[in-house]
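In the two complexes below, chain A is the common chain; its partner is chain B in one and chain C in the other.
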Partner chain A sequence: MTDFQFKGRCWSVGDFVPTDQIVKSHRVFLRLDEIARYVLEDANPAFAAGVKAGDVLVAGRHFGQSSGRAIAVRALRATGISCVVAESFARTFYRNAFEVGLPILEAPGIHAATVEGDVLEVDVPGGQVKVQRTGQVLQGNRTDPFLLEMLRAGGIIAVGSRLVEGDK
Partner chain B sequence: MNLIESILARASGKRRVQPGDIVIAEVDRMIMHDLSGYMTSRVYEEKVKQPLKHPDRVVMVFDHIFSPPREREAEVLQSNREWAVRYGIRLLDCGSGNIHNAVVREGFIGPGMVVVGSDSHTPVHGALGAFAVAVGNDCHAGMVFPHSKAWFRVPATLRIELDGRLPEGSTPRDVALWLVGQIGEGGAIYKALEFAGPFVDELELFDRWLLPLITVDVGAKCGYAEPDEKVFEFARAQHAMGHWEGLDIVPPSRRRPEEVRQYDVSRLEPQIACPPTVGNVKPVTAVAGQPIQWAEIGGHGGGRIEDIRLLARVLEGKRVHPDVRLNVVPASRAAFGEALREGLVELLHEAGAMWFPPSTGSNQNVNMGAMAAGESMISTHSRNFPGRNGSAAASMYLASALTVGASALRGCITDARDVL
Partner chain C sequence: MIAARTFAQKVLERASGSSGLVPGAIVEVEPDLYMSHTASWRCIKTFEKLPGASIRYPDRIAMVMDHISPAPTAQVAGYHRLCREFARRHGVGSFHDVNAGIAHLVLMERGLVRPGEVIIGTDSHSTIYGALGAFGTGVGFSEITATWVTGVLWMKVPESMKVTLSGTLARGVYPKDIMLRLIGDLTADGANYLSVEFEGSLVQDMSISKRMTLCNLAMELGAKNAYVRPDAMTYEYLERAGVADPARHALLPDEGARYTRELAVDASALEPQVACPHTVDNVRPVSEVAGTKLDQVFIGSCANAKYDDLVEAASILRGRKVATGVRLLVTPGSRDTMKQAADSGVLSALIECGAVITNPGCGACAGDGGAMDKGEATLSTANRNFRGRMGSYDSDIYLASPATAAASAITGVITDPREILP
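Take a look at the complex of A and B:
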């Protein structure tokens, strides 16, 4: 698939999962591949051991709330998931996702529309998610083209200088 | 334009901006603590091959680790110190206080500034009339360090008007806790919160500061109160008048209509945020009697001299309950100095409290504050998620310094009005 269109089996977590439940603070100094083995250890204990490359994480409201550390995004990406689809995201997590290079999509209704293990077809630029089991298609929130461009480039470090130059 | 729009217009070299615009803005101050500083410096070293443009604008504060408990933490601080010296940034080492109080009391923040930080409570600096936003490690490393700029989407504003006089036993922190419950976690995503109204006007600066502290909890981007003479007086004394000149702020009556919510605090009972999240706010009376083993004045919004005074008011001439350990963690060296001069260090020592170095205290139990399964703490901290302080089966309650003191006295969650 091209341009941030994904198809994968989904894992599920609930509302208001904070970054320090994505990665606990005492693990942030470990190597990223080690951190990846503990991602969401309390919120979904089966996730880190069972996740396969290309899987999709479905989350509830205000996912990634509280601390703004980018390690939460980096660790999720290190698990091999293709993207995160949530009811809504905390703004620091949302920003970090595009700055670090993890595709995400806000799709209100996604939590109720899925059960863990469903296969989802996610179109990030188009803002759509299809649940294969039911055939239901959810229309998510549009992603700003500025952010999509950052995502395509691989994150803010790749585009930082260009943004500043382009602004002159 | 309101304060935030004016600051963003000036900082991005535009005449006008409006909500939804994406701007590239000049950053006046970048703050980070020992943990985020370590992560940001690693990203910068590994991925960004450009010089750091304005080292004098960058401040690092060691606040999670006040004394390294293990070799690993000592290495983190050593690495941070070397990095700070190599690039010539400002460093406030162990014992300086929690990042936000320390940078304000050291004169690094002023009205009209653009302030960024990796800590999620960075928006608290809106209390001084700054545009203050939490952004991630990669933005700092990839844009702020090499260019002293960051991108921002201009936020829509939610104006929160507060009126009324608080009844006995309730404090500005109760108002802040209550507002999280009223607005809801994620209830104001991406917005700027403008705190205004007679209640806000009457608050002293460091009580006003508790309001934008909740910005992250309700999902907002920044929070602020328009600076008044109290703020300017403080800023002038700190030589931190920041970047106030050249702003084009118009009063609310002449601005396009914004979303406004009005609240009256005159009947507000003492509030408490119960596990598992900051938005689970109740009157203290709803959970009174719940046993606690730990109590703490500290955290990113706690440990101010105002908190220490409230604690002393409850504990003067009394003793902490034998089942409770009471930690007192000053927010800054300045706050500890004030407590010393006011005789509160001795007063609280005699009451059975334990004094800790200025820091973030038990925040995420990096340096202290782990709990075993089944234990509970009541504190002035800003977070109560399970597993943040040791066992996921331990409980953290967030309340005012008065409620923390009353609970430490009785050994269980207690409405301060019962002991005052």
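Take a look at the complex of A and C:
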């Protein structure tokens, strides 16, 4: 894997999934590895138990809306997924992703182009996603170089301090 | 000649010390204030993992223990204590304990938010600071920690949307109804990433409290920040809050600035609105959902638990009784609000009609008390109704104005407040 290029099996959730459904309010005080076992428990009940390191999460419109809880992004990262590809992200989730160092890509059309279990090739810096089953290539939005640099460093704390942040 | 600029361009130019910023540019800004609520404990834990790190501008930190307070468990008590002790040890600008109320309201009431300033907060509804002509936006907790250390944070200069409100609100119709209708029409991502400027005669006639409701709900359009141009009413509010020279950094958008979208709304014909389960943009006029059975009514949150919201509710509830079997929870937004309501008799009217009054803070809106069992329904004055936010995943949340909430508490079903208003 070089520079945020990933290949993985995809999981799927629909439009307008709020952070309240990525991590429910009453679970935010659990340890991160425990929270990770409940990620998206209602939006995609099979996800948390079945997700494997390197899998890709595909989402619909305005993913991560509602509460700006960064714990939602941390919990997603803790499941081992390589990245999230969505039609669009809510702005608080978008910020939180770079803050925490979870690669994300906005690729309009991705939801209709995929079914759960498809293998995707994602090139975050290039803004492209290829769906292996159909051969379709979607051109998404390119990420600003400043934000790519933050991802490469592993999040904002790592950028600011040149230290690697551990969780919890 | 400098091109005409929006509020967002101007305020980010000021905070970054640069000029000629165009939408899409990323800049490092020096925020004037960093708000962290109960999540401050996460900021502190992150800070403590940075050996040798120090806080650049401690006076710019404001911590408010508003979510999950007073502590319901020993674990949360430990988090509150961590914040309290850290604040003292590091001399942070202001620490507001579990008696203060909702961060947003507390900071504005205490004169800590001023026109033309950039305020970041660990809460998405930080858009509310636009009510005083400031640039308020929600960020993550490690972004707050990073800002403690460096004094700067990245911002992308947003495109802007202008919403011009005119007309006169009919009896029983409030800014909450305007915003619910707007969210219903534009959907939850109708202003995603955008700076939303509210303009027009109706806005400038609104009290600061009502402007807060507009700017708070702009978040539910996906907005990055919201803005109402500061005026005499703004400066008077701030002077009462003890701010000397409140117009010092005030910024107004230029005539001819470029907006990606401009909307004009005449609110005169608007009727009360209700956001139905399970999204804020599932909005219908109250007439279409009247009669829906309720188990609970919640008057609270940073959207609608200010003093005048409690006054509106009390004007309907005074001398009446909450319907049998319905629980009415009232959570004043702040200690000042609660004190004012106590002094004016509003609080006794609410208690006499059968309401439960809780301590000021986020309360049931943040899942702190007020949970519902499977199959139950709440009408709430808050700003979110996503599934599972108030207890069971199989319960319903409706959102409306304090007047609609009060009228519905009396009847036990969703009720048009115009039928009951004096």
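One rule holds for everything that comes next: the second predicted complex is superposed on the first by the 160 of 168 C-alpha atoms of A that agree within 3 Å, B and C clash if a C-alpha of one lies under 4 Å from a C-alpha of the other, contacts with A are read in each partner's own complex, and residues count from 1 in each chain.
By definition in this document, a contact is a pair of C-beta atoms (placed from the backbone, for glycine too) under 8 Å apart; a residue touches a chain by one contact, two chains touch by 3 or more.
The structure presented is a predicted model; accordingly, all values stated were derived computationally and were not measured.
K.L.:
Which term applies to chain B and chain C once both are placed on chain A by superposition, clash or fit?
P.N.:
Clash.
K.L.:
Taking the superposition on A as described, I'd like to know which of chain B and chain C A:100 touches: first, second, both or neither.
P.N.:
It touches chain B and chain C both.
K.L.:
Quick one: classify A:64 as touching chain B (first), chain C (second), both or neither.
P.N.:
In the superposition, A:64 contacts neither chain B nor chain C.
K.L.:
Would you sort A:8 into first (chain B), second (chain C), both or neither based on which partner it touches?
P.N.:
Neither chain B nor chain C is touched by A:8.
K.L.:
Examine A:140 and indicate which partner it touches, taking first as chain B and second as chain C; both and neither are also allowed.
P.N.:
Neither partner.
K.L.:
Report, in rising order, the residues of chain A that make contact with chain B in one complex and with chain C in the other.
P.N.:
Overlap of chain B and chain C footprints on chain A: residues 16, 18, 20-21, 24-26, 29, 42, 61-62, 65-71, 73, 88, 90-92, 95-96, 99-100, 144, 146, 155-157, 160-161, 163.
K.L.:
Provide the residue numbers of chain B that touch chain A in the complex, in ascending order.
P.N.:
My answer: residues 12, 22, 24, 35-36, 38-39, 43, 47-48, 50, 72, 76, 118-120, 134-139, 141-143, 146-147, 149, 151, 153, 185-186, 189-190, 216-217, 219-221, 277-279, 364-366, 383, 385-388, 392.
K.L.:
For a test of understanding, state which residues of chain C touch chain A in their complex under the given definition.
P.N.:
Within the complex, chain C touches chain A at residues 26, 39, 42, 45-46, 49-51, 53, 75-76, 122-124, 138-143, 145-146, 149-150, 154, 156, 188-189, 192-193, 222, 224, 279, 366-367, 384, 386-389, 393.
K.L.:
Mind listing the chain A positions that touch chain C in their complex?
P.N.:
Residues 16, 18, 20-21, 24-26, 29, 42, 61-62, 65-71, 73, 88, 90-92, 94-96, 99-100, 144, 146-147, 150, 155-157, 159-161, 163, 165-166, 168.
K.L.:
Taking the complex as given, what residues does chain A use to touch chain B?
P.N.:
These residues of chain A touch chain B: 16, 18, 20-21, 24-26, 28-29, 42, 61-62, 65-71, 73, 88-92, 95-96, 99-100, 144, 146, 155-158, 160-161, 163-164, 167.
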